[in-house]
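What follows is subunit A paired twice: with subunit B in the first complex and subunit C in the second.
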Partner chain A sequence: MTRALALHLGVIAALFAAQYLLPSYHQTNIARIMVLAVFAMGYNIAFGYTGLLSLGHALFFAAGLYATGLGIELAGLSAAPALLLGLIAGGAIAAATGVLALRTSGVSFMIVTLMFAQTGYLTILYFGTYTRGDEGIVINRAARAIGSLDLSADTPRYFAALTLFAIALLINLMLTRSRLGRSMIAMRENEQRSRMLGYNPFRVKLIALVISGLYAGAAGAAYGVLFGYVGASFATIQYSILPLLYVLLGGAGTTLGPFLGALIMFYLIDISSGYTTAHLFVVGAALLVLVLFAPKGILGTLRERAVKWLP
Partner chain B sequence: MDFGPFLLLALMEGTVMAAVLALTAVGLSLVFGVMRVVNVAHGEFFMLGAVIAWFVTHYMPGPPAVGFAAALVICPLLVGGVAALSDTLILKRLNYDPEATIVATIGLSYIFQQAALTFYGPDARPVEAPFDLRIQLPWFGYSGYKIAVVVAAIVILLAVWLLMTRTRAGLIMRATQLDRTTARAFGINVDRVYAAVFALGAGLAAVAAVLIVPIQQAHYLMGHDPLLLSFIVVIIGGLGSLRGTLLAALVIGLSDGVISVFFSPTLAKILATLLVAMVLVFRPQGLFGVKQ
Partner chain C sequence: MTRLIGMTPSRRGLLKGMAATASALALPGFVQAQSSAPIKLGFQLHRTGIGAAYGRWYERTTQAALKVVNDQGGINGRPVEVIFEDDGTDPKRGAEVVEKLASQAGCDAIFGPLFSHVVIGSAPRAGELKVPYLVCSEGYHVASGMLNRWTMQPGITDVRAQVSSMAPWVANNLGKKVTMVFPDYAFGHDHRDYFTAAIQAQGGEVIKHIAIPPTETSFTRYLPQIPKETEVLYHVMVGPAVLTFVKELGEFYGTGARPEIFGFIDSLEAVDTASPGLEFLEGTHFWEGNCRVKQADASENEAFYRMAVGVDDNGASVSDAKDISTYAHMFSCWETLFILKAGMEAAGYQGVADRQKLVEAIEAMTTMPESAAHPQGDKVFNAKMHQVFGHQNISKVEGGKLVRVYRTSIEETMYENDTDYTAMSF
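Presenting the complex of A and B:
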């Protein structure tokens, strides 16, 4: 077993143990953070590894969230197939967005993804009869269960979030070790040269974006079932910025960075809200400080200075 | 009301919308053209202009016209100052790297929103129009102030055009836009030009906001729509092309006015945003731009 695998299994084990050590309030927080971290991991696969700075990932998260939520509320699905539907929706929307948006790059790519996400958000508002717009849908408690496991109760919810997180993290680790993962990094570092070596940049980037969308869709689907609320606010630009913020803070292109970033940012806002109501300021200042002084994030800097083997 | 007058009303509303949009979008286009910076905080400069206008008119003694005139001068100066400061303290240090500047301007926009929320509050508040004049047309009465807004916007846009094409400052800006390295070699202080252009762009957004605030109330989240619409206009018009921006502002403003009157405004926005995405994907030089 390599050091890297041991580290990741250690993090998962620590989170497993945390369930027995933490009071209920923090349990719910960590469950939420783990789901958001899956979203951020997906963002990291596009941004951190492949170099695709998207401003539209809220669209993929919302696709998963709404596919699951509407699947349960309107089509009467049970939780398990609805979650699967959410996963697929995230990947499918990412594929459709990618086919168009990947014809552009750099700043245009950012704006195109932003516009697609905005279109998605407005579409949710437009079909307010089904989605109930800004007000959103509360998923009924009875539907939030797999078999006899009630996912709206604290402990099963925590373990469901942990299972999703663990699977996502280990796949992420495997991906970074695979040929595909390395060709993704090649796109980030030098697209021209990798094209010359015979790689098809469009294909690699599209695959990366679809994997990223599957992660975001899974996170959105899980968020809906575990926390029981589906609303248009999850499709706004804020939810595209959030994973970017987590990834920048934890370290772009590191497997554990998204989780670390989500954990720190969540508690930064949680603790600061005890002193001030200025959440927006905390987020804005964090973005500025990161981009000015630590563009590689915490784990990125750590990898550069000390722990070279960090994946 | 019959269809004809109804359409006329929609067109007039669209013209007012287009005039304000043109001012805001020209600011964004100028910043993108000269500095190659996508300024996500542009909508927040618009919002700051409106909020400061409320403070100025609220605390200025005398008739509303005096306060409004003061706001027209003070708001762009203050907002421009904030913009110049943001440029020198933050954007310059990032070397205007496109992705880093976008992240930084997103950060700035959150900070400005919070500042407005903290010092101004969550309410939407109106600003009194400087004069109250109603022009009676055969079919309906129309606000004289709205017509004054269109005239003012045209005058300001003409001034910007004269500045860019007929003055030394404009020449320096255009030189920097074409080739900043050569401009620097000719002794142009590019850092100062960038700060000035960023301030000018923000100032234009602030002026547009002061003009609109007697029609639309000032609110700390009001920067959202102008930002999105300015992006749409600037992209359709061709990134960095002032003439294209103006033309696109007219088209978008008028069609938005007409579509919103006859159809759902949300549908109008969906179609406009999709159109922009498609233009960027299939015709990145813009509908009116030429391939470089």
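Presenting the complex of A and C:
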């Protein structure tokens, strides 16, 4: 077993143990953070590894959220197939977006993805008869279960979030070590050179974006079922920027960076709001410090300066 | 040596005695902690985000009500503490704030959120945590039955009641051909659906619905869609673009002929009706939950509430005449805190184990007479809907000030549906 695999299994084991060690408040927080970290991992696959700076990932998260929520509430699906539907919706919307948006690159790609996401947000509002627009819908508590496992209860919810997180993290690790993962990094580092070597950049980037969308869709689907609410605010630009911040904070192009970023950002807001009403200023100041002194994020900087083997 | 039978304690007896003594010594302290520890209430506050203008005044109103409650001896003789936590007017953060207030701060109950999406996003978690969640939202989502047994709205009427009760007066006094301008999301859709039905019941009709996408910052391209035969223009907008909307409406009509204009004060909450550009509002009408300008017949209770919160006769802060309050809505925080007090006292509330008793005590409430606890007026609570019903006001802008011209009865605001939260399990 390599050091990297041992580290990742260790993180998963620590999160498993946390269920028994942490007070109830932090258990639920960590469950939320793990789901959001899966979203950020997906963002990291597109941005951190492939160099696709997207401002449209809220669309993929919302696709998973709404496919699952509406699947349960309108189509009468049970939670398991609805979660699968959410996963597929995230990937499918990412594929459709990618086919068009990947004709552009750089700042243009960022703007086009932003426009797609905004269209998705307005579509949710337009079909308010079904989606209840900005207010959103509550997923019936009885439907938030897989078999006899009640996912609205604290312990099953935590383990469901941990299972999703563990699968997503290990796939992410495998991906970074695979041929596909290396070709994704090649796109980020030098697309022209990769093309000259025989790679098809459009194909590689589209695959990366679809995988990224699957992650975001899975996170959205899980968020809906685990926390019981489906709302249009998750499709706003704020939720495209959040995973970007998590990734930048934790370390772009590192497998554990998205989780660390989500964890720190959550508790930065949570703790600072207990001391000051200007907690958003604290978050802003922390991000400024990060950009100035650790532009590669926490784990990115750590990898650069000390732990070279960190994936 | 004489052995004193029964006087020599065994080891087990000694331990029992020590335990009993320790318990006896500890008990007064425990009772003391139960009887004098503060009641902790969590307030889910829109301090930042789109609801910040409301949040600022909701906090002030709650602080004022808290002072009155504590000056009167608190709840069940215990002091009351309110912990305010910002939710950023965001439903995801809202659910996290409910979690924080209930699980970390150990609040006995949570109250205060206004924006519908935040309430709907947070209510499931309140239900899971089994913490009483008293919202000040005016949305129909509570009475519609979509939430849970722990979520209630006893401090403010809902949009369905407000909108429906306006239609008769509008039809009889302003006109029967109505054009509606509303935000194209759920809050606006509630206005669209319930007012359209209510005006039809009065023999009138809505001849045009103009839905404004929530991302709009200018409204000039929508205003020409208002049909010429419109007799009444009904508008309701929220958010930072409100002032722009109202100003552009004024520029659109200028000094020429215009239909009668009836709006919800939501369009102008925290905005001075005497602001430059709003002169055209002179002679137009507004719904108000509570009258911003102190009326000539204001009750002693209303005057007391106004003074306690620090609002002058024009509806502005007593310390800054430019700081206009959200007077039509913010009374809900005041009244909700007093309902929590009444509910806790009726339930003999001691601690979090009595949360269910608190919900049941509020469900047992029916009429709420006008008083210092209910300065907006008397109300009727419908336990099945978890929704309160009360008077609504229609005011006219005269000399730049809002003067009430009509106050509905409670009966005019009532409606029926099949919601029954009391049949739901806890």
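We take it that the second predicted complex is superposed on the first by the 294 of 311 C-alpha atoms of A that agree within 3 Å, B and C clash if a C-alpha of one lies under 4 Å from a C-alpha of the other, contacts with A are read in each partner's own complex, and residues count from 1 in each chain.
Just so it is clear, a contact is a pair of C-beta atoms (placed from the backbone, for glycine too) under 8 Å apart; a residue touches a chain by one contact, two chains touch by 3 or more.
Remember, predicted model here, so these are calculated numbers, not experimental data.
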A:L122 touches, of subunit B and subunit C: first, second, both or neither? both
Touching partner for A:G231 - first (subunit B), second (subunit C), both, neither: second
Contacts of A:R132 with subunit B and subunit C, given as first, second, both or neither: second
Touched partner set for A:L280, first subunit B, second subunit C, both or neither: both
Which superposed partner A:T28 touches (first subunit B, second subunit C, both, neither): second
Partner chain(s) touched by A:F16 [first = subunit B, second = subunit C, both, neither]: neither
Contacts of A:T104 with subunit B and subunit C, given as first, second, both or neither: first
Subunit A residues contacted in one complex by subunit B, in the other by subunit C: 118, 122, 125-126, 279-280
Interface residues, subunit A side, partner subunit C - complex: 23-25, 28-29, 32, 118, 122, 125-126, 128, 132-139, 141, 152-153, 227-229, 231-234, 238, 269-270, 273, 277, 279-280
Residues of subunit A defined as touching subunit B within the complex: 53, 55, 100-101, 103-104, 106-108, 110-112, 115-116, 118-119, 122-123, 125-126, 241, 244, 248, 278-281, 283-288, 290-292, 295
Sites on subunit B touched by subunit A in the complex: 38, 90, 93-94, 98-100, 102-104, 106-111, 113-115, 117-118, 228, 231, 235, 264, 266-267, 269-270, 273-274, 276-278, 280-282, 284
Residues on subunit C engaged by subunit A in the complex (per definition of touch): 47-48, 85-86, 90-93, 95-96, 99-100, 103-104, 116-117, 120-121, 123-125, 127-128, 139, 141, 146-148, 184-187, 189, 213-215
